[in-house]
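In the two complexes that follow, subunit A is the common piece, with subunit B as its partner first and subunit C second.
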Partner chain A sequence: MMTIRVCIGSACHLKGAYNVIQGLQKIVEERKLDNQVTIKADFCLGECTKAVSVKVDDDPIVSVDEKNVKTFFEEYVLGRL
Partner chain B sequence: MRKFESNVQLIKYEVLKEVSRLAMEGTLMEEYEKIPVTIIPGPKPRTRCCIYKERAIMVERVKLAMGGDKKNSNIIEVLEIACDECPINRFTITEACRGCLAHRCSEACPVDAIFHVGQRAYINQEKCIECGRCRDVCQYNAVSDVLRPCSVACPTKALCIDPSNRKAVIDNEKCIQCGVCVIQCPFGAIMDKSFIVDVIEVLKKSKEENSHVYAVIAPAIASQFTNVKIGQVVAAIKKLGFHDVIEVALGADIVALNETHEFAQTIEEKKVMTSSCCPAFVSYIEKCYPEFLDNISTSVSPMIAISRLIKNMDEQAKVIFIGPCTAKKAEMNQEDIKGSTDYVLTFEELCAMIDAAGIKIEECEEAKLNNASFFGRIFARSGGLTEAVKHVLKEENLQVDFKPITCDGIAECDKTLKIAKAGRLQGNFIEGMACKGGCIGGAASLHRRPKDRKEVDKYGELAIEKGIKDSLRIFEVNEIDLHRHYEKAFKKK
Partner chain C sequence: MSCFIDVAFDSINKYGEELCGDNVEIIRTEDGVIVVLADGLGSGVKANILATLTSKIAATMLMEGASIDETVDTIVHTLPVCSVRKLAYSTFTIIKVDNNGNVYTVEYDNPPFILVRENKYYDVKKRNSIMINDRVIKESNFTLKQGDTLTVVSDGAIHAGVGAVLNLGWQWENLKDHLTRVVGKEKCSKNVTKNLIEVCQNLYMGKPGDDTTVVTIKMREPEEIDMFTGPPKDTEKDEWFVKKFMEGKGKKIVCGGTAANIVARELKESLEVNMDLIGPDVPPTAKIKGIDLVTEGVLTLSKAVEKIKEYADTSIEENPVYKLKAKDGASRLAKMLIEDCTKLNLWVGKAVNPAHQNPDLPIDLSIKLKVVDELIDLMKKLGKHVNLTYI
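Up next, the complex of A and B:
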C-alpha cells in the first residue's frame, strides 16, 4: 500500500491543497487504484515554501499544484506501483 | 511594553512572563521563590501599603501561574491575601449628611434601621435589608451604595464573603468559571490557574521525541492583536516550538454542520435546543436550569472537534488550545471529553510566553493562517453560530422551522432561559454566550473594544473557503466522535 500525504497546512491550503487532494482522489478512483494507494491529508509537512507539499511514502517532498496533479501522479506514483 | 486594559492585567502578565522564562530555561523549581523580589524590587511599593505585602501577594500569583492548588478543582481561585476586604455593608451614610430636620431617610426605612445621633444619621447594619429607599429619598445623596465588585459581577452568586475575615470565597458548586470576577476585582485578587508550565514542558519534550505539538487558535484572535498582523503572531507561535498553528474555526465549521443536523433531526421531539459551544453557558444551564440539560446540543465544542480532528490525522499529536476563555480550562477536563485537548492557554498567557522567549512579534515574517470558512470564524462573536446554522440549513435545503434567539452575555441567557422555563419562548433555538459580545469579550482577552466585532467579520471575509461544505470537503468528519455525554460530565463527585 502506498501512502500519498498532502499537506493541508495554511500555506498549502491557500495554494489549493484541497483541490490537489480531490484531484488525486479522482485519479485513484478513475484508475481503480483504491486498494493500492491511500491519500492522506496532513497538517504542515514542514516545507511551506514548497506549497502544495506532497509526500509519497518516505520520499522527499514534491511541490504539486492543482494543474500538474496528473503529471505528478504519472511520474511519482504510477511507475512505482 | 505591552499595553493592557488595567494594572491588574499587567501584573498578571509580568508573573506569567517570569514563570515562563524560568520554565524555558529549566530553572523554575530552583528560582521560582525569587520571582516576587524580581517583580517587586522595592524600596517603594507599587500600589499596596508596603513591598512585603506586595511580595506576599506575588507568592500567591506565582503559585497560580504554576498551576495553583491541585486539590481545588476550580480553575478560578481567590488570592486570599490580595483580597482587600471591600465593604460588606452595602449602604452607609456619608459625611454629606447634613442632619436635616426632615429625616426622610428614617421615614422611608421600612425596618427602622436608621437612627440619629447628634447632627448625623446612621444605619444599624444588623437591621438593614438593603432596600435602598434611604438612598432614593436623601436630597443630599448622602447614602453611599457600595457593592463588592466581585459579587456584583458574578452571575451565579458564587462569590460569597467569609464573615470571619471578610475575604471573598468562591462556592465551587455555583461557579461556572466564566472568569468575569477575574477581570472585575479591582485588586486583582482573583486569578485563573495557568497551564503555562505544562505547555512549556510538552514543547520541550516534543523536541526530544520529535513529536508534534499543535496550537489551535480561537477565532477571537481576529480582534486581539492590534499593532501586528495575525500572520506575525502565527509565526511567533511557531517559533515557540509548535509544529503548526490551526484555526479552531475549522472545528467550528464541523460543529455547525453537526449541530444543524442534530437540530433538524431532534427538534420535533426536543421542542427547544440550546447551543453547546460556550462552556460557561453549558455550566450555567447545569447549575441554574438543570431542567434543560436534555435540551443542550450534544455537539462537542469547536475546541474538542478540532483537537479530535488533528489527533485523528496525527496519533502522536498534542493539542494546545489558545483563546480568550477561562472556562475552556475547566471544559477540557470534563470526564466525557477529557484527553482531547491537552492544555488550554489564554491570549494573556500566549503573550507572556512569546515575550519570555524573547520573540519580537513585530519583527516576525508573516506566516499563513487559513483553515476555516467565514462561518467558522464568526463563531467568535455573538450571533455567529446562528448564522452558521442558517447557512447549513440553506445549503442543504433542509426544511425545518429554525427560530433562533441569540443571547449576548449571561444576563440575556438567564432571561431567555427563564422565559423558556415559563413555557413562553418565542423560538426553538437558544444561542448562549456567557461573555458580552461573545468570545471576543472573554475574561482572558487582551482587551475588549466596541470595534472587535467588526474585526471578526472582516477577518472572516478573508477565509478562502466561503461555505462550511467547502471548508470540510476533504475531511472525514464521520470518523470523529462529535457527541457529548453530559451525564458523565456532570456526574456528582
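Up next, the complex of A and C:
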C-alpha cells in the first residue's frame, strides 16, 4: 500500500491543495487503484515554500499544483506500483 | 458563587430611520456590571440624542457611586426639551448586578423586566420611589442564581406587529411566555436577544413601527477555553509549553498546522485530518486526542473572526446570523468562542514561517497577529475575559 500525503496547511491551501487532492482522487478512481494507493491530508509538512507539498511514502517532498497532478502521478506513483 | 455575568443586546431601528432611538450602555467594573437601557421620546436623531444622554449619564454617575436621586435629577435637568411635545423625556431601566448576583434595578416607564428562573417567570417585588412627570420610578433588590436570565425590552418589542399581523401587538405577557420557552435552550445571552429581535422583526414584517431593543443578562457558569496558535519562537520551549497548555481546565483549541504537529508530537498522539470536510473555502480540521478542536491557522482564524464580527454587530438589518450550524473549521471555531467561552486564554507563538518570506503568498506573521488582535477586541466586545500570552 502506497500513501500519498498532501499538505493542507495555510500556504498549500492557498495554492490549491483542495484541487490537488480532488485531482489525485479522480485519477486513483479512474485507474481503479483504490486498494493500492491511499490519499491522506497532512497538517503542514514543514516545506511551505514548496506549496503544494506532496509526499509519497517517505520520499522527499514534491511540489505539485493543480495543472501537473497527472504528470506527478505518472512520474512518482505509477512507476512504483 | 462566582458566576460570569453574560450581557448582550440587539436593536432594530424604526423602519426608514438611520439612527436608533433606544440606547444601551454596559459598563463593567471590578464589582460587577451596570446596564442601562434608555428609550428616547419619538424616533430618529432626537430620540437617539435623548436616549444616549440618559444612558450615558445614568451609567457614568452610578458607576462613580452617585445615588439614584442625584442621577435622575441630573438627567431631568440635562435633557433638551422637545419643541413639539414641550417635554424632556426618555424612559429607562437601570440594572446593577454585582459578581455575587445581587441585583439593584431602577425602572422608569419601560416595560417591566422579565426574570426567568428554571424556565418559569419569577415575579419580583418592587417598591415605588420618586416621581418624574407624574410617573413613578420603581426600584427593586433581589439576587440572581446561576442559570437565571433577566431580560429588558424597549416598548418596540411589546408593540411588535401592532396594526399589522396582530391587533394589539405582541404584548408583554406573550413576550414573557416566549422567553420562558426560549432561555433554557440558549446557552448565551446574545442568542436570546437575537432570537427575540428576530421574532419582533417578523411580527413587524420587516418594517418595524418603533425602535426595538432587547437586553439580556444571564448568570452563567464560567467556561474557559485555551487556544494555541502559531509555534513558539524558541523550539526548545515546545515541550514546556504543551505541558502548560494541557494543564488548563477548559476546552482546548489548536489553530495552525505546525502548532497542531507540535501538540500531537508532545502528547504522543496521532494527528488525523478530517478528509470528509475538505472544501475549497475553509481548510479542513483535524483530530488529536485530548484537543477539542484542531484547525489550520491564519485562514480559518480570519474566517472565524469575520463570522464573530457579524454576530457581535448589535444593529441587525435582516437575517441575524446566529446558531452556526456548519461543520467547517471556521464555523465551529466561531461557535465555540461565542457560546462555550466566557474566558479565553490565548497563546500566540511568534515563530516566523519560511513560507511567509514568499512574496507570492498574501500571509505573514503580522497578518496573523492582526487577526488575533481583532479577535481579542471582538471577544471583549462580547463581554468575555481575554488573557494573551506570547510565546
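In this text, the second predicted complex is superposed on the first by the 81 of 81 C-alpha atoms of A that agree within 3 Å, B and C clash if a C-alpha of one lies under 4 Å from a C-alpha of the other, contacts with A are read in each partner's own complex, and residues count from 1 in each chain.
By definition in this document, a contact is a pair of C-beta atoms (placed from the backbone, for glycine too) under 8 Å apart; a residue touches a chain by one contact, two chains touch by 3 or more.
Since we're looking at a predicted model, the values are computed, not measured.
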Per-residue touch tally on subunit A - higher for subunit B or for subunit C: C
Partner chain(s) touched by A:Lys40 [first = subunit B, second = subunit C, both, neither]: both
Contacts of A:Tyr18 with subunit B and subunit C, given as first, second, both or neither: both
Partner chain(s) touched by A:Cys48 [first = subunit B, second = subunit C, both, neither]: both
A:Ile4 touches, of subunit B and subunit C: first, second, both or neither? neither
On subunit A, the residue positions that both subunit B and subunit C contact, one per complex: 8-11, 13-14, 18, 21, 40-44, 46, 48
Footprint of subunit A on subunit C - complex, ascending: 256-258, 260-261, 271, 273, 275, 278-280, 283-284, 286, 294, 296-299, 353-358, 361-363
Residues of subunit A that touch subunit C when the two form their complex: 7-11, 13-15, 17-19, 21, 40-44, 46, 48-49, 51
List of subunit A residues in touch with subunit B within their complex: 8-11, 13-14, 18, 21-22, 40-44, 46, 48
Residues of subunit B touching subunit A in the complex: 214, 234, 243-246, 310, 313-314, 367-371, 464-465, 473-475
